[in-house]
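What follows is a pair of complexes built around chain A, which joins chain B in one and chain C in the other.
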Partner chain A sequence: MPDPLSKRAALATPPSLARKIRGLSDRTIAWIFIAPTIFLLLAVNIFPLIWTIRLSLTNFRTNRPNNAVEFVGIENYRKILTDSDTWTSLQATAHFLIWTIVLQVLIGFTLAYLINKKFRGNDMWTTLIVLPMMLSPAVVGNFWTFLYQPQIGLFNYFISFLTGTDPASFSMIGEVPLAPWAIVIVDTWMWTPFVMLICLAGLRSIPSSIYEAAECDRASKWRQFWTITLPMALPFLMLAVLFRGIENFKMFDLVVQLTGGGPGATTQLTSIDLKREAFEKWRTGYASAYAVILFVTVFGLASIYVKALNKVKDR
Partner chain B sequence: MNAKLLATTASLAILVGAQAAQAEDLTLCWAAWDPANALIELSKEYEAESGNKMSFEFVPWTNFADRMLNELNSGGKLCDLMIGDSQWIGGAAENGQYVKLNDFFDANGISMDAFIPATVTGYSEWPKGTPNYWSLPAFGDVVGWTYRKDWFARPEIQAEFKEKYGRDLAVPATYAELMDIAQFFQGRDIDGKTVYGASIYTERGSEGITMGAMNTLYGFGFKYDNPDKPYDMEGFVNSESAVAGLEYYKALYDCCTPPGSSNSYMGEGVDAFKSGQVALQMNFAFTWPGFHTDANVGGDVTGYFANPAGPNGDKFAQLGGQGISVVAASDKQEAALTYIKWFAQPEVQAKWWKLGGYSALRAVVEDPGFATSQPYAQTFLDSMAIVKDFWAEPAYATLLQSSQKWLHDYVVAGNGTAKEALDGMMNDWKATFEEEGKYE
Partner chain C sequence: MSSFIKGLLRLRRGPWEMLATILIALGVFMLMQPFALVLFTYSFIVTLIGTVMFIIVSHFPE
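Right, the complex of A and B next:
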């Protein structure tokens, strides 16, 4: 019988190194293994966060290196929270967030439910449905601007076909009432497959024996859905909502490509507003405070949500 | 001893000479557009003469300011030479991002009097109106108009226009006439295709709607501030005439632009005109050579005209264009200066114009043959004579963002009134200048 791997590794280790390692405690070895990860985490996550918080308390501007950097306390935070533009952006973000999640969960779960049934061409349909999420958001944004083009856009012609309105009579990305829905539609088109995949995983994790037992008890399909399928897939659904919620709270590329935040500030989401403050107006201190506020908001909401998710999972 | 000293000095001189003659790899940063390609062609002569190699970093206009200001602000060494937008000059000068060129100009006999005065003020001076130069005028540009000369010449269209407006269909002399023409063509069927009145700037993301609206507002009487009291804007930015100008711009957008024009800038304007969608098109002069040689709208199909007059007869146009500067963070400043010295030569400037670059050298544009050298040359001269520019303050980016927001919100989104938009823009500008300490 060949030597076990551990024995061969020990034999291959130079005697001096082996002696040194033998002298280390398990705890020390564990620290040695995780130290690079901790160092990276500190360097790319924690340090920038602390630096951002520090900058948020100053009037620093990246484009004014010769100006004195002054400590301004919470002035930046006060300005942001009393600025009507901030609330306009938050409203736009809330509209985008709520409607994309509602639509993606409804459509994604429905698609997953249908795909979960065994039928001919199942694999082909699954592949076709997930195609949009494989594309780059910048590419998607760009080609949807063509689809929404009033004169040549297929979307306008499709609406025209359904309703009889002149396709050139409305501009999805150029009119205040339509633009918020234009970005919701594109994000839903792109990311519903992601929600569908998570839901599909949830549905496939439900043992068939439960359904068989329900059949024996003569439970209707409707009853099976409400008492077995939905409760058991709920943690997966909630996970999908968490992922999409976090992603869409920081949505930037897709919307910039589609509308540039316009018309006016109708689709200026918080991430676009933040980018303009940081890299167009170069108000670094102000933008840092803005980033901290958004971070705390997302972190707080996500923490509450994860607790709820765990409760559902434990139930 | 003397022989030793002589030998040492000679060795040093040879070393210094060898270093000076050492070929450098220079990087020039500019926007990605047609003139940039012409500059690549032109620069081949410089490479042959100097032995230096030129590399180019071109960024599309919509990202140009973001990318290049980031480079300047971070002290990046990517660019040795920068052809930066005119409005950057204040910030770049005050923050030490460009090399001051006065001594270099004096030492090399380059006089700013040799360039079109508006371009010197717009691209090179900071503070404005003072002989402190941070760039050499490199590319003169200005907003003007193109029109479908072939449509204007059609007898049936001429007759219909005359019947409706009581005058010949011709290049508009006033903004009121321009509106008539745009309305006349809006939705008209020409050769079985629906065409529209005008393509104008409405872009939200970078600077589009500000350039377009300001280009129009100047003619109506808009002023940035009190000529006698800098930064005093009340009654100038939001004067009655400025309000009328903004209302006009919105009316033009509402009535006479092609569907889906809510985010149009230079590229969209070019597309709209070349594809035969519009009768009139507002755009920077740099686009004109492209129209002249285009398969669809080239030759006699396209005509050019400078901004028409406002209600009081004022004629002004938005300045575009850029100067070429040496980036202070560059390690190759000496070599970069040799490029500017070469570029300033009259014969190079003449060739620059021939290749499609708008030279700002007076010797070129005042040449008797210049005005007739291209069909758009006279319009370029007329337009350059009436230019005004947006704020070139160090806080220009913040000022621009405010105008973008308020102007787009009113013109495209249709929120509020023109007065509210101009008041809002002015208040934002005031707040910015307060932060900048301009009212102390």
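Right, the complex of A and C next:
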């Protein structure tokens, strides 16, 4: 029978400390080892969360620290959930979320399907495709601002080449109907490679023997795609959707760099709205309640994500 | 359908997790839909119930 953990730990420590360790149970030693992690987790994650929930029930304002802090109950939540501006910013987030996911899944899966076929230069194309994902969102936001310039922007010239309109006649980030699409295009450009990589992992996990059996049964390529490829890659696709959904729900940096939430509040996503409430209007209690609402929503989505992840693991 | 209800009555994890997932999805939809402000108002409570339910029922037996 192997030595207990306390005995092994005692052997590896100086004699004076070893005497103390020998007297401890394995369970106590295990607790001593994980205590710093638990303490850090409590200090960095749990305490701020509890503090935010507490603040969300008050009228506290960070810019007026000497004012009396009053308990207002669920008043902040009631205000947020009946505020049409908040509702508008959530709709902007929904537009961004839905279109980025649809486009990224469609393009990402198509790219993965094509890259999965062996051809000359396969690795080089894969590297080129995943390049945007490796860039910083601040850099991407900055250079797409130049690409969207009505006077000198390449994007406007490309659209002009396709449609024949004057490149200076429209501004992607300056016009209300176009700005939401401008951020969708940039996010799709940046994060489609991520979806492609997940789909590629799914496609490569399908055993070739299944396709061989289908060939023997004279199943067409179309039928193979619908009855083998898609169902077997579906859990991975679902994972990609949840990953991107949760990430885009919290989108901040790219959009701030591109449009700053404008024109008006057209591209003011929830995280930008939240930042304005907290650090421009200084309504800390209100912003805390807003943060709690977003946290519960993301936590709920994350729970579904973990469930989906377990399903993929079980396969 | 009947196996789903049986699972709910016998406190089995699968159907209860499914119910919690539906509630979370419904709550998120209500939060972001552009049709009615009243749905937006009640979205948080629906999501909260779904999330808390998910945490509890994930400890139910299979």
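As a working rule, the second predicted complex is superposed on the first by the 267 of 315 C-alpha atoms of A that agree within 3 Å, B and C clash if a C-alpha of one lies under 4 Å from a C-alpha of the other, contacts with A are read in each partner's own complex, and residues count from 1 in each chain.
Everything that follows uses one rule, which is that contacts are C-beta pairs under 8 Å (C-beta built on N, C-alpha and C of every residue); 3 or more make two chains touch, one makes a residue touch a chain.
Computed from a predicted model, the values in this text were never measured in an experiment.
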item	value
Chain B versus chain C as contact partner of A:151, first or second or both or neither	first
Which superposed partner A:263 touches (first chain B, second chain C, both, neither)	first
First (chain B), second (chain C), both or neither touched by A:94	second
Touched partner set for A:307, first chain B, second chain C, both or neither	second
Touching partner for A:132 - first (chain B), second (chain C), both, neither	neither
Dominant toucher of chain A (residue count), chain B or chain C	B
First, second, both or neither for A:77, with chain B first and chain C second	second
A:293 touches, of chain B and chain C: first, second, both or neither?	second
Common ground on chain A, meaning residues reached by chain C in one complex and by chain B in the other	none
Residues of chain C defined as touching chain A within the complex	17, 20-21, 24-25, 27-28, 31-34, 37, 40-44, 47-48, 50-51, 54-55, 58
Chain A residues within the chain C interface of the complex	77, 81-82, 84, 87, 90-91, 93-94, 97, 293, 296-297, 299-301, 303-304, 307
Residues of chain B touching chain A in the complex	65-66, 69-70, 72-75, 91, 94-96, 203-205, 258-263, 394, 397-398, 400-401, 405, 408-410, 412-415
Of chain A, residues touching chain B in the complex	62-66, 85, 148-151, 153, 168-169, 171, 173-176, 256, 259-266, 276, 279-283
